[in-house]
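Pasting the structures here.
What follows is chain A paired twice: with chain B in the first complex and chain C in the second.
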Partner chain A sequence: MTRVNLALLILIACVASLPLFGGAYALRIGTIACMYAIFALSWNVVGGFAGYPSFATAAFFGFGAYATGILLNKSVPLSVAVIGSLVMCFLLAAALGAVLLRLRGHYFAIASLSLVEVFRELVNNATDLTGGGMGLNIPLASGSGILADATFFFYAMWGLLLITAVVVIIVSASKLGFGLNCIRQNETASDMVGLNSTLYKSVAFGLSACFVGAAGGIYAAWVHYIDPSDVFDILYSVKPIVMALMGGLGSPLGVVCGAFVYLGLEEVVWRNYIQIHSGVLGVLIIMLLLFLPHGLISLRSGMFWRKAKHV
Partner chain B sequence: MSEILHLSNVSRHFSGLQALRDVTISVNKGEVLGLIGPNGAGKTTLVNTICGVTPASSGVVTFDGKDITRVKTYQAARLGLSRTFQIVQPFAEFTALDNVAAAALFSQPGESLKSAREEARAHLAFVGLAAQANQSAATLTLAMRKRLELAKALAMKPKLLFLDEVNAGLNSAEVERATKLIHQLAAGGITIVMIEHLMKVVLNVCTRIVVLHNGQLIADGQPRDVIKNPAVVDAYLGQQYAHRNAASG
Partner chain C sequence: MLAVQVLINALVLGCLYACIAIGFSLVWGVLNVINLIHGSFIVLGAYLAWGAYQWLAISPWYALVIAAPLFFVFGYLLQRLLLNRVITAPVLVTLTLTFGLDLILNNAMIYYFKADYRKLTLSPPTGSISLFDVVVPVDRLIATASALVLTGLLYLLLRRSKVGRAIVAVRLDRDAAVLMGVDVKSIYAIAFGLGAALAGCAGVLMALIFPISPLTSSAYLGKAFVVCVLGGLGSVSGALAGGLLLALVEGVGSTLIGPAHATTLSFVLLIIFLVVRPQGLLGRKGFE
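Moving on to the complex of A and B:
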């Protein structure tokens, strides 16, 4: 366990103490923070480790949300429904990945983007199963009061974040992570040293989808109502990329910090500049990327010490 | 002498371009085969066809008794076919050690990252890069990167090793050093097929030469005979080389 990974686990552990300090609003923000961190960590597996810029996050988020929603309507318990969504997302993504990941660079980005549209249209048209454009109502899971519900879903999302982080840390130190690193640097050479790059990329794509799908499931149970334009929102695909770039591409700690900072900026900007909030957020993101091209993770405590000495 | 690789009537075309035409070659265990010919003759395509990068359009490739005409690149690598690239292909962000470790790790089943790194150290020492083990591959000189390629290829424990212009772009001291390495490898029992333009090296190292021209095999035999072959002189070596060779030999 490296120091950086330990720091990541400590950071996540600190987040768990949130219910001690805040009410329903803080819990809501905390749940979204965990969800964003799951997105960023997941995207980092395929985008950061393997170097394939995926825009498919929204596709698997929506797929997981609908899979869980439908299962819950068939009175399957929440935990089983979420685990089922996770497994389905992994298998579906790995199968799609084996085909899509033959494309490289921009071509792959566009193909993965089209997955979101394809899934959305499928859900829109499968009216009997999904309710189509009318959306899907999801039965209340516990119904034991607003705060208890908020706490429950916060810990559900937090638990999933913890699992995601542990899996990503294990992957980064494993043969799989080493292989993905090789693929990102030089895929021709990877094939030539006996690396089954198609298999590795598929597994990476599956891993990048399964936790996002499970997060979609928890989200669906949390908000009780989903519709295609909500869960297949292309912003769910774009945000993880911004978070990863802000935090530091490839570094699990970096991307989680990126996710939290992004959410913080989003909330603060939204509250203070409600009319031009997207514009202000965009400018802030561009400034951050311009002045910190390697992300927040490239900041070292030493930099602050040096500055302090001059004062 | 037993045969390790056999190509029978191998052809490869890229839409209209016929890169290889009915090539039939056999490579025997333990020999150092020189593959020569003018630029664009199809030498690298031939290696790519054997290694599964661009599978043959027709014909059959057998390696160690198995038909490998349609195997994928990584499968060929695991069977014991390894190669160095004419244009070096390092994992640029990795250290030299991890470059070689990657080759050991993915080509041998059941290898762990730790044992792969240990093995890698020995291969780096063999090619004379022990001191550069922890340096990132991007910072190595061309001669060092060529030797890194060789270390990677060796880490795969090859039965058959393709050397694609390992000497191109090196100065004469570096060439001499590389030639010595090839001699050592051959002495160690690895079968080698080398693509090479430096005739001095070819004549020094190779036990047999095949010549490709326009995708066709035009000569196959002992080095001394092949370089006197009029077709080879016409297509590749040139009259001047033949005269000089005749005068000195």
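Moving on to the complex of A and C:
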């Protein structure tokens, strides 16, 4: 366990104390913070470790949300539905990854981007199962009061974040993480030395999808209503990338910090400039890319932790 | 007769698709940048045509002539001032940068024009031609002809002019072009400017046919993706082939299995092409 990873776990543990300090608003922000951190950590597996520019986050977020929503409507318990979505997302992404990850660079980016479109259109047109453009209502889970509900979903999302972080830390220290690093640096060479790069990439894509899918499931149960243009929003694909770039590509602690900082900025911008919030987000993205290309983690003084591994 | 009508529609729509995609394809091929702002450029061009007609009573044909230099300068400056700083960075960075630019431009358009759908209605209306049972609206026909002329002009430019040959040279082999004395930075900016100009002109043509709204930009961008991948990158004939194929698949698909599935079909086709034949239908290195 390196100091960076320890710092990550401590940071996540600190987030858990949030309900002590605030009401429903703090819980809402906390839940979204955990969700964004899950996105960023998951994207980092395929985008940061393996170096594949994936835009498929929104596809699996929406898939997980709809899978859980449909299962809940068939009165399956929440925990089973979320675990079911997690497993389904993993298998689906691993299978798709085996095909799509043969593409490199721009082509992979486009293919993953169009995955979102395909999923959205499929859900839009499967009206019998998903309600199509009318959206899907999801039954209330408990009805034990607003604050209790908010606290429950906050801890559900937080627990998922903890699991994601632990898995990502294990992956980064394992043979899989090492293999993904090799693939990022030189895929042809890693093929040559006998690395099964297709298997590694598929597993990485599956891992990057399954927690996002589970987060989608919790999100669906939390907001009680989902529709295709909401959960398959392409912004869900782009935000994790911005967070990762903001925090420092490849470093788990960096991307989680990036997610929290991003959420803070987004919240401030939403609150003050509701009419031009996406324009302000655009300006932020551009400033970030031009002036801080290696993320916030490149600002460190070197006092607290050693050089980030995957930058 | 239905089959003929579907074919004619596909032919008309296919040329327009080619016109939408060709600037995108040029930028992708030459600069190796996926230009996500392309869709918003098209919508901006459409607003230009609409505003010129509505407020200044300038007909869309003249708007075409105004749009081209305006968008060229806009694109040229954008590349010189912003994109050029990260042009050597990995895919992710350039892609995200153009996404940020798109957010700004799209938000600005929503702010000034609102998200309402508008329509440029020519008066008097141009009507339609019907031959036997096949009906083609005249405005569509004119837009298609203009799209073909634009593509032809680009082809001539790339083929005959000195700048065009330099663009082709940079696309084929950047390093060799540098050694031959080509100023790559200025060629990049010119290519991006050309892409923007083509997008603006495509937008003016779209204004004749489709409703205008900032929200339609992602649909145009999606079409540009599919056409580029189907036809092959950076070539004029590739964009034409891709546009025609896409229009044909959409037309036949929506006739056979319903229009709701047309978009799904086109994206499934895109993924299949990416995996099976990533160089596209007419994939060759460089321009013809």
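In this text, the second predicted complex is superposed on the first by the 300 of 311 C-alpha atoms of A that agree within 3 Å, B and C clash if a C-alpha of one lies under 4 Å from a C-alpha of the other, contacts with A are read in each partner's own complex, and residues count from 1 in each chain.
Basically, contacts are C-beta pairs under 8 Å (C-beta built on N, C-alpha and C of every residue); 3 or more make two chains touch, one makes a residue touch a chain.
Worth saying up front: this structure is predicted, and the values here are computed from it rather than measured.
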Combined model on chain A where chain B meets chain C, clash or fit: fit
Touching partner for A:Phe178 - first (chain B), second (chain C), both, neither: first
Computed vertex angle (chain A) for partners chain B and chain C, CA, steps of 10°: 80
Partner chain in contact with A:Ile276 - chain B first, chain C second, else both or neither: second
Touched partner set for A:Val118, first chain B, second chain C, both or neither: second
Which partner, chain B or chain C, touches more chain A residues: C
Contacts of A:Ile286 with chain B and chain C, given as first, second, both or neither: second
Touched partner set for A:Asn186, first chain B, second chain C, both or neither: first
Touched partner set for A:Ala7, first chain B, second chain C, both or neither: neither
First (chain B), second (chain C), both or neither touched by A:Gly194: first
Touched partner set for A:Ala98, first chain B, second chain C, both or neither: neither
Smallest separation of CA atoms, chain C relative to chain B, angstrom: 13
Common interface positions of chain A, toward chain B and toward chain C: none
Contacting residues of chain B [partner chain A, same complex]: 51, 53, 72-74, 77-78, 82-83, 85, 89-94, 98, 102-103, 105-108, 112-113, 152, 156
Contacting residues of chain A [partner chain B, same complex]: 175, 178-179, 181-182, 185-186, 188-197
List of chain C residues in touch with chain A within their complex: 28, 32, 34, 82, 85-86, 89-93, 95-97, 99-104, 106-108, 111, 218, 222, 225-226, 229, 260-261, 263-264, 267-268, 270-271, 274-275, 278
Residue ranges of chain A in contact with chain C within the complex: 47, 53, 99-100, 102-103, 105-107, 109-111, 113-115, 117-118, 121-122, 124-125, 234, 238, 241-242, 245, 275-279, 281-286, 289-290, 293
